Amino acid sequence: MKNRFILTLSCPDRSGIVAAVTQFIAQHQGNILSASQHGEPTTKTFFMRTEIDSDSLKTGFDQFKNNFETIADTFDMNWHLEDSAIKKRVVLLASKQTHCLADILYRWHIDELFCDIPCVISNHSDVENVADWYHVPFHYVPFEDNDNTKSFEQVSSLIDEYNADIIVLARFMRIMPSDLCEKYFGKMINIHHSFLPAFIGANPYQKAFNKGVKLVGATCHYVTEDLDEGPIIEQDVVRIHHGHTPEDIRRLGRNMERMVLASGLRHHLESRVIIHANKTIVF
Amino acid sequence: MKNRFILTLSCPDRSGIVAAVTQFIAQHQGNILSASQHGEPTTKTFFMRTEIDSDSLKTGFDQFKNNFETIADTFDMNWHLEDSAIKKRVVLLASKQTHCLADILYRWHIDELFCDIPCVISNHSDVENVADWYHVPFHYVPFEDNDNTKSFEQVSSLIDEYNADIIVLARFMRIMPSDLCEKYFGKMINIHHSFLPAFIGANPYQKAFNKGVKLVGATCHYVTEDLDEGPIIEQDVVRIHHGHTPEDIRRLGRNMERMVLASGLRHHLESRVIIHANKTIVF
Amino acid sequence: MKNRFILTLSCPDRSGIVAAVTQFIAQHQGNILSASQHGEPTTKTFFMRTEIDSDSLKTGFDQFKNNFETIADTFDMNWHLEDSAIKKRVVLLASKQTHCLADILYRWHIDELFCDIPCVISNHSDVENVADWYHVPFHYVPFEDNDNTKSFEQVSSLIDEYNADIIVLARFMRIMPSDLCEKYFGKMINIHHSFLPAFIGANPYQKAFNKGVKLVGATCHYVTEDLDEGPIIEQDVVRIHHGHTPEDIRRLGRNMERMVLASGLRHHLESRVIIHANKTIVF
Amino acid sequence: MKNRFILTLSCPDRSGIVAAVTQFIAQHQGNILSASQHGEPTTKTFFMRTEIDSDSLKTGFDQFKNNFETIADTFDMNWHLEDSAIKKRVVLLASKQTHCLADILYRWHIDELFCDIPCVISNHSDVENVADWYHVPFHYVPFEDNDNTKSFEQVSSLIDEYNADIIVLARFMRIMPSDLCEKYFGKMINIHHSFLPAFIGANPYQKAFNKGVKLVGATCHYVTEDLDEGPIIEQDVVRIHHGHTPEDIRRLGRNMERMVLASGLRHHLESRVIIHANKTIVF
């Protein structure tokens, strides 16, 4: 795979955006490998993602980025440029159930996910085994039922200490406090074990069983202070029937959780996701 | 396809149920074409559905049914026996949008659905065209926004007049009053254009668009007085993305509605569905 | 929905293509509503599809198209410009089974498919009923088992007479002769009732039943002289199990055929499909 | 989950089979937890699977099994009885790619798959790492390109030495010789990385890419001497598009392979699968 600069942007819609951006790229002799644009008519917002062959450019990353400022200002853009050769740092949090954690670690181990995983954090000490398999540093942060303020401070310190670009809640069963939701907005990804907005909160599989639905799902979303209400990145479902016990549903659901989280994380790692209000554009 | 008697039953779970039922069938020289049993551990209820080759039986329907009473009493069964050669009578109700109505009529027309369709009822007079194509009697029942009591009385009279075994709300956009929900419980099937329990009530596609979900669905369920809360027979979903407008979502959703309603109705017509509390067993 | 000019193109990949095209659009004050680009690394070919708000342009269609010639020549483009306000003319061919035909006609009838349907052609005279429902002219062209040369000449004459932009084989069960495949290449769409390349040729559902596959599918593709081997536009599958008879499989398959053909045709109508060797780009 | 005896059988179809079997169970005071029957009309064969609560029985496994012989003889049954409390022994074979191997081991590790895994065999020595994580004995069996007779003899010896009930080819990329296919018929399960019968043999993902299909799949099947032609247990597919490289397709396909193999193996472990000629009944 070629090295590439990935440019994502959103701005008020008007004529000439793509022309200005692509002319800028052409002036730097950049070759566009792939690109998508989308205009959202309700809010009149324009979104764009472009992959540029970085070997074709006559300038380096910093110069290219600096030069782009003028265009960004002209069109009032929210924008982001990144070098696909630089690995992002992903900190993983998990509780007792390790299927999502182990899945992400395995995909990373076989180079399916291009990132660094500097550490794993858990409120269950025996999760250390899983981290150990992959030689990833592990931190046990105990949580009390009453007051978790200090525990979350410790989590936040670890995230910052490890310079995390992304925090993945891989079935971390503690509700993030608002300040951390705000601090890591757009960088913290959760997997919820239901097809949201159905079955928000605890025990969604039991709720699905009780309701008698014929499909159960999983949802990967950005974390916000409204529990399970953040912008959705990816969802999928699997068929169940009357013969399935709640335990069967949990088992089938785990397949969905693993696939949907891996897919959502991958979209984020490849800078395919732009958050727009409470929704996402996934190019 | 062979003619068959279909026996469905539920009863308190205990040893010997299947033996008693199948021995009874064997004593009448009946050949079992297909059968399923399921024990529900929470409520300790047993469910069974059996297809018997009616040509293999030495007795006719009435005799066979009468003889079965003893076993049914012994095991305290809720049970139902029917002759697959007898067509059930399905009355269809629709409002302005005809895609579900036209789909059911077409499937019936090509003998995909084995039933009679004695009439179509609508609160929109121009639905008559669709009924006319298939030479099915049409009844226009106007609805007011204020008081629909008389309209629903008229609907109920028509249903009774036509001896309907099943009432299908094929996108009939009026909320059934409790008395009709009760009167036709287990016989009235609705298609709701969302993956329930997400997006109960009006405008589910718009709600799905606003929420930014990545899949939209449809749900076929029995009608109860709790709006969109009745026992679910069938569900399915289709993938959507940020480029889809609310109109696109409605279009994609129509595919799901048609397939899910046809599938749910078929399950019911084939006596595959047993209602158990607020859920269904679908054999 | 806004009126739009849709520009699709492919050309040898190099730097500056998007810039040249979008600058051209901007010079004509065109607003880009949506766009996608894709570079195919093996053949070093670049593909692009752009939707331009035609009301935003200062020039009309012909002027805009003429002006674009220079850029097209510079980059050695295969390109196509069309006005979304102009309906394409779709001629439908069907044999005995009408489910795909009736489905396309219904979607067209409720304005889900934006096109004209000038006529229906069939080798079964009773298909006329379906065409009549929708007030579409019908032509019965009888086919012999021995020599169909004259029948196909008649079909071809009708297609030309009606100025068809697209020919849809909606379960037309006659193998197109090579000369017609060539004459209408890229304009003739077929639905095959299997997941190609599995089960090419006749009776795919029976073959699927005999093989014991657990899913059956449908494939929408452009017609070429190699039977069922043309570039694939769309595919989908549905789950089957041991309890399903060949007739059940045909029934479930019909759902897939209808959905896949409608989806493939829609992609083509919206100029989303670019044929590239034996494959398609579907933007 | 309750302990259960699982009785599976097939026999020529006739009246009285279910009655005889279930009366036998009732005479032993057995409670049926779940059961399914299916009659195959073409070959007039009857299939049945019954789960009996073993705690409800007044006799032990051996007595129950012995007593059943008379009925089995009467109806000329192929039959199998097993105690769900006894773990089956599953030997895993893998080559360079470990995603299926690691997935099965993880599911086993978290008690999702109820079985013993006595050893892992591979023709790649570095697969030992994966086996080591789970503390499963590992055997490296080197394969030459020319003559693998001795290697396969070694594999067969290991399988026999470990008393394997099931052999899983978890992406083991060597073609089994006919004698081993015969020896382990009905006990050896393979995962093939395509939607069979499409893309039999080597490099199916590359073939899928070249063909331009819009879905790729995976197939779990019993191994027979006809390569990739054995009875199919389970299949599934995932959507791909023109933007996916062969490497992307391999990545997406891995998800299917893992899910389909795990599902197929589970069906086999739960004695849900009956082989019937070249097809399977999956209850």
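The chains carry the letters A, B, C and D, assigned in the order they are written, with residues numbered from 1 in each.
Going forward, contacts are C-beta pairs under 8 Å (C-beta built on N, C-alpha and C of every residue); 3 or more make two chains touch, one makes a residue touch a chain.
Just so it is clear, the model here is predicted, and its values are computed rather than measured.
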Maximum distance between Cα centroids and subunit B occurs for chain A
Option reproducing the contacts of A-D, where over half of them reappear, out of B-C, C-D or B-D: B-C
Cα centroid separation, subunit A vs subunit B, in Å, comes to 41
Could you tell me the distance, in whole angstrom, between the mean C-alpha positions of subunit A and subunit C? 36
Two or more other chains in contact with one residue: find those residues in subunit B. 34, 38, 243
For the complex, give me every residue of subunit C touching subunit D. 38, 40-41, 195-199, 211-215, 217, 231-237, 241-243, 245, 278-282
Along subunit C, where are the residues that touch subunit A in the complex? 13-20, 22-23, 25-26, 29-39, 56, 239
Subunit C contact footprint on subunit B (complex, rising order): 1, 34, 98-99, 102, 106, 110, 112, 133, 243, 247, 251, 254-255, 259, 262
